[in-house]
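Provided herewith is a single structure, encoded as structure tokens, for subsequent inquiry.
Naming follows writing order (A, B, C and D), and every chain is counted from residue 1.
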Amino acid sequence: MRTIIPFGPQHPVLPEPIHLDLVVEDETVVDVIPSIGFIHRGLEKLVEKKDFQEFVYVAERICGICSFIHGMTYCHGVEQLMKIEVPPRAHYLRTVWSELSRIHSHLLWLGLIADAFGFESLFMHSWRLREKVLDIIEATTGGRVIFGSCKIGGVRRDIENGTLREIAAKLRDYAVEYKDLGNVFLNDLTVKRRLCGVGVLSGPDALGLGSVGPMLRASGVAQDMRLLKYAAYGGIDFAPVTAEEGDSYARCAVRIGEIFQSVEIIRQCSEKIPGGAIEIKVTGLPEGEFYARTEQPRGEVIYYIKANGTKNLERLRVRTPTFANIPPMLKIMTGCQLADVPVLVLTIDPCISCTER
Amino acid sequence: MIESQDFRETTPERLIGEVQGMRDAGYRLVQIGATRTEGFEINYSFDRNLEFVNFKIRLADNTEAIPSISGVYWSAFLYENELHDLFGLNIKNIHIDYQGHFYRVARPAAFAEKPPPPKIKRAVKPTAGTEVKET
Amino acid sequence: MPFFTISKTILRSLFGRPATLMYPAVPREYVEGSRGHIEIAVESCSFCSLCQRKCPTEALSVDRETKIWKIDRLRCIACNFCAEACPKKCLSMATGYSPAVTSPGETEEHHA
Amino acid sequence: MDTLTLILYVAFAPLLGGLLAGVDRRITARMQGRFGPPILQPFYDVVKLFNKENLVVRRSQTVYIIFFLAFMVFTGGIFYAGEDLLLVIFSLMLANTFLVLAAYKGSSPYSAIGAERELLQIMAYEPMVLFYVVGIYMASKTFYIETIATTQHPMLIRFLPGIFLGFLYVLTIKLRKSPFDLSTSHHGHQEIVKGITTEFTGPSLGLIEITHWYENVLLLGMVSLFFAPNLWLGAGVALAIYLLEIFIDNACARARWQFTVFSSWVVAAVLGFGNILALTLFG
């Protein structure tokens, strides 16, 4: 029997406005027809009306979860265009906040995937741990998910060295709980039955379909935009977390690995952070074109900035990681079980709001 | 560290060949994006192990036909539908063509419209600031 | 053991205190520096309207003639940009969210 | 025939079932690090449901639900009145069929898939339930529950340890707990939303809730029958089993239907049939 199951935009397991028509034969999905565009806000066009310095606020609001890195990428791009030398301390602070937002985003994702395979208490506990990270973020920036702490030329708030070391110590304590949680995701038999071998994507396929971030790294391709050494990543010792299997389990393992990696990066930052100013005064107007690439929790984000020497940029194009990950998602969903659909949609860590800008 | 930016120019006729060359060399399609200048520019970006290459096509207006590269990179259909919906670009033979229904936009091809005239006059030269503010 | 790996966590929660608050019966404590809402010490305001020009969401309006400072709480994104720009330092960011309003576009007025 | 227990069941089973559901929600919440609702919340919910409009796709849906409730009360009634155990099993099956039919009537893809999954679940647990009846008969030499419960003989579980464990396994399916909450779960967070109950609102959903309360009390009664003639011990164990089910619910991911069906059959074959074989050879 063939049934067409509408999946989204209003669906309890998928809190994202993407619509999928699942053509289901018994319980096997034989075809997937995606449709997006429910919340296209035209933020890229808004750049023509907003001052390029004010636009940081808009960039931060492209996404509610990877908000800080959006704002930072925008600032990074404009700073490169204007050849502004950002003080090193600001670079380190940006790195710390980027990694904090990566931890909270991955914990959010872990909760959502647990919900997708019907493990409610694991979902609640992932989010309980995420809340503690949000508390750190609120104490250092004043916001919980919209940090508002990045500006062109530096950052707007400082974290004292002592506080930064306390945060690193706190995160080391939390890491014990992350380990317990990670143990459930990676070793529990009922969870493994839902993740192992589901949605296998080979390395060449992942590259050919243009996937990015943990999705690509879980297929054995060690590509991480942090290796471009933007912000303070040049002074940090780290290697991309990868896995070979390319299935949902590998994607879960990569993200869990990245949580611990972020804790470690923050520890290194707390030790290496130099003193000095946190911002410089910005004068002049941007001109030229530049592609800024950074690594978000979901993968590589691209900001194409084209300026013509006025207060308003000529063009801002944002290619978010989810946009690049939709084609591989469609590929892995054909032929899967209906019960695996939420798991597969979530393994790309969809963020449709940032996809449509 | 500033990432090196490799910009190359191409034309609609040479596009498919260039893109096929990138695919054969093992590049990943990073993005396709358009810009409305006096006419239009389309940027095709590729990446191989953090090595970033960008191809640019310049068009006089958005009625000019551009071949789709979705035959080379399957995942390009999303970008090409986006270009059609936002800029009204005329892209031929997209693998999965949404016929203008990819985004639910209030006005078709709104991004092709000219922006309001700038309030501030064009600066003679881009200037860079280096004055350090102590905190 | 690959079964019931979460048992330690859930049993600890079962016999420990819940992680959530009985909000609003138990009010939430805000950390210092949390961006909640903008407050104005209107006595020291010079009505220069710099905050109005700096505000990225156009939530503020300042009337120099009648000496009225207005804020639309629903538009305000609590970015602290106005407080940073204020030459008299009469604007400040306070913790806690501003109370609900009954209709959109409703502004809160402060008279000097 | 014990008329008193029959009346007690019909009158107080929903109360007990509702309280169990309230305690369940509270304990689940605590396990998840939350406060959870008041113990009486299930009753508030059902009262609220009855105050709502009955919005259904087809009116016959409600008729099927009424039959679902009626047969469930009938099933529990004959169980607690001490009648034939075989009849209990067959009318329980019939009651569940009405729920499946009602779900098919909803003609929504979610409830259709839910109904298919419910049929798979019935397929999964039915062999074990049949072994349960056969085992109880072999241990007590009668199908009459009253005789089983009142005759002085060694506790049944001494002959039926395998069947007891196997029955616990399928009880997770019957109570709609993780990992086997395929057709509908207590939370609407599933790829098929709420599965079989997706298309019910207001009073008919309230009736389904009440039916589940009746059903749960019946199922716990079936567990306590293992401890006949010491039924008070049986009731205590049944409550402990319910707490164990809450724990399992919170410690497992949802399985796929393949695993549900095949694992239940393996459990039925090894524990259920093995137990019966042992009884035949050595009993």
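Everything that follows uses one rule, which is that a residue touches a chain if its C-beta (ideal position, glycine included) is under 8 Å from a C-beta of that chain, and two chains touch if they have at least 3 such contacts.
Fair warning: this is a prediction, and the values are worked out from it, not measured in the lab.
Chain pair with the most C-beta contact pairs: A-B.
With centres set at the average Cα position, the gap from subunit A to subunit B is 23 Å.
Taking the mean of the C-alpha atoms as each chain's centre, subunit C and subunit D sit 50 Å apart. Note: centroid distance subunit B to subunit C, computed from Cα atoms, is 39 Å. The mean-CA centres of subunit B and subunit D are about 60 angstrom from one another, to the nearest whole unit. Of all residues in subunit A, those that touch two or more other chains are 121-122, 125, 128, 188, 190. Under the contact definition stated at the top, the residues of subunit D that touch 2 or more other chains are 31-34, 250-252. Residues of subunit B found to touch two or more other chains are absent.
Taken as a contact graph, with one node per protein chain and an edge wherever two chains touch, the assembly fits none of the named shapes, being neither a line, a ring, a star nor a complete graph. In summary, the structure contains touching chain pairs A-B, A-C, A-D, C-D.
Subunit C makes touch with subunit D in their complex at residues 3-7, 10-11, 13-14, 18-20, 22. Touching subunit D in their complex are the following residues of subunit A: 3-7, 11-13, 24, 26-27, 114-115, 117-122, 124-125, 128, 188, 190-191, 193-194, 337-342. Remark: subunit C residues 2-6, 8-10, 13, 19, 31-35, 56-57, 77-81, 84, 93 touch subunit A in the complex. In the complex of the two chains, the subunit A residues touching subunit B come out as 35-38, 40, 42, 44-45, 48-49, 80-85, 87, 153, 158, 207-210, 223, 225, 227-230, 234, 277-293, 300, 302, 304, 306, 308-312, 314-315, 317, 319, 323-324, 326-328, 356. Subunit A makes touch with subunit C in their complex at residues 50, 54, 57-58, 61, 121-122, 125, 128, 131, 135, 138-140, 142-143, 146, 148, 156-157, 180-181, 183-184, 187-190, 192.
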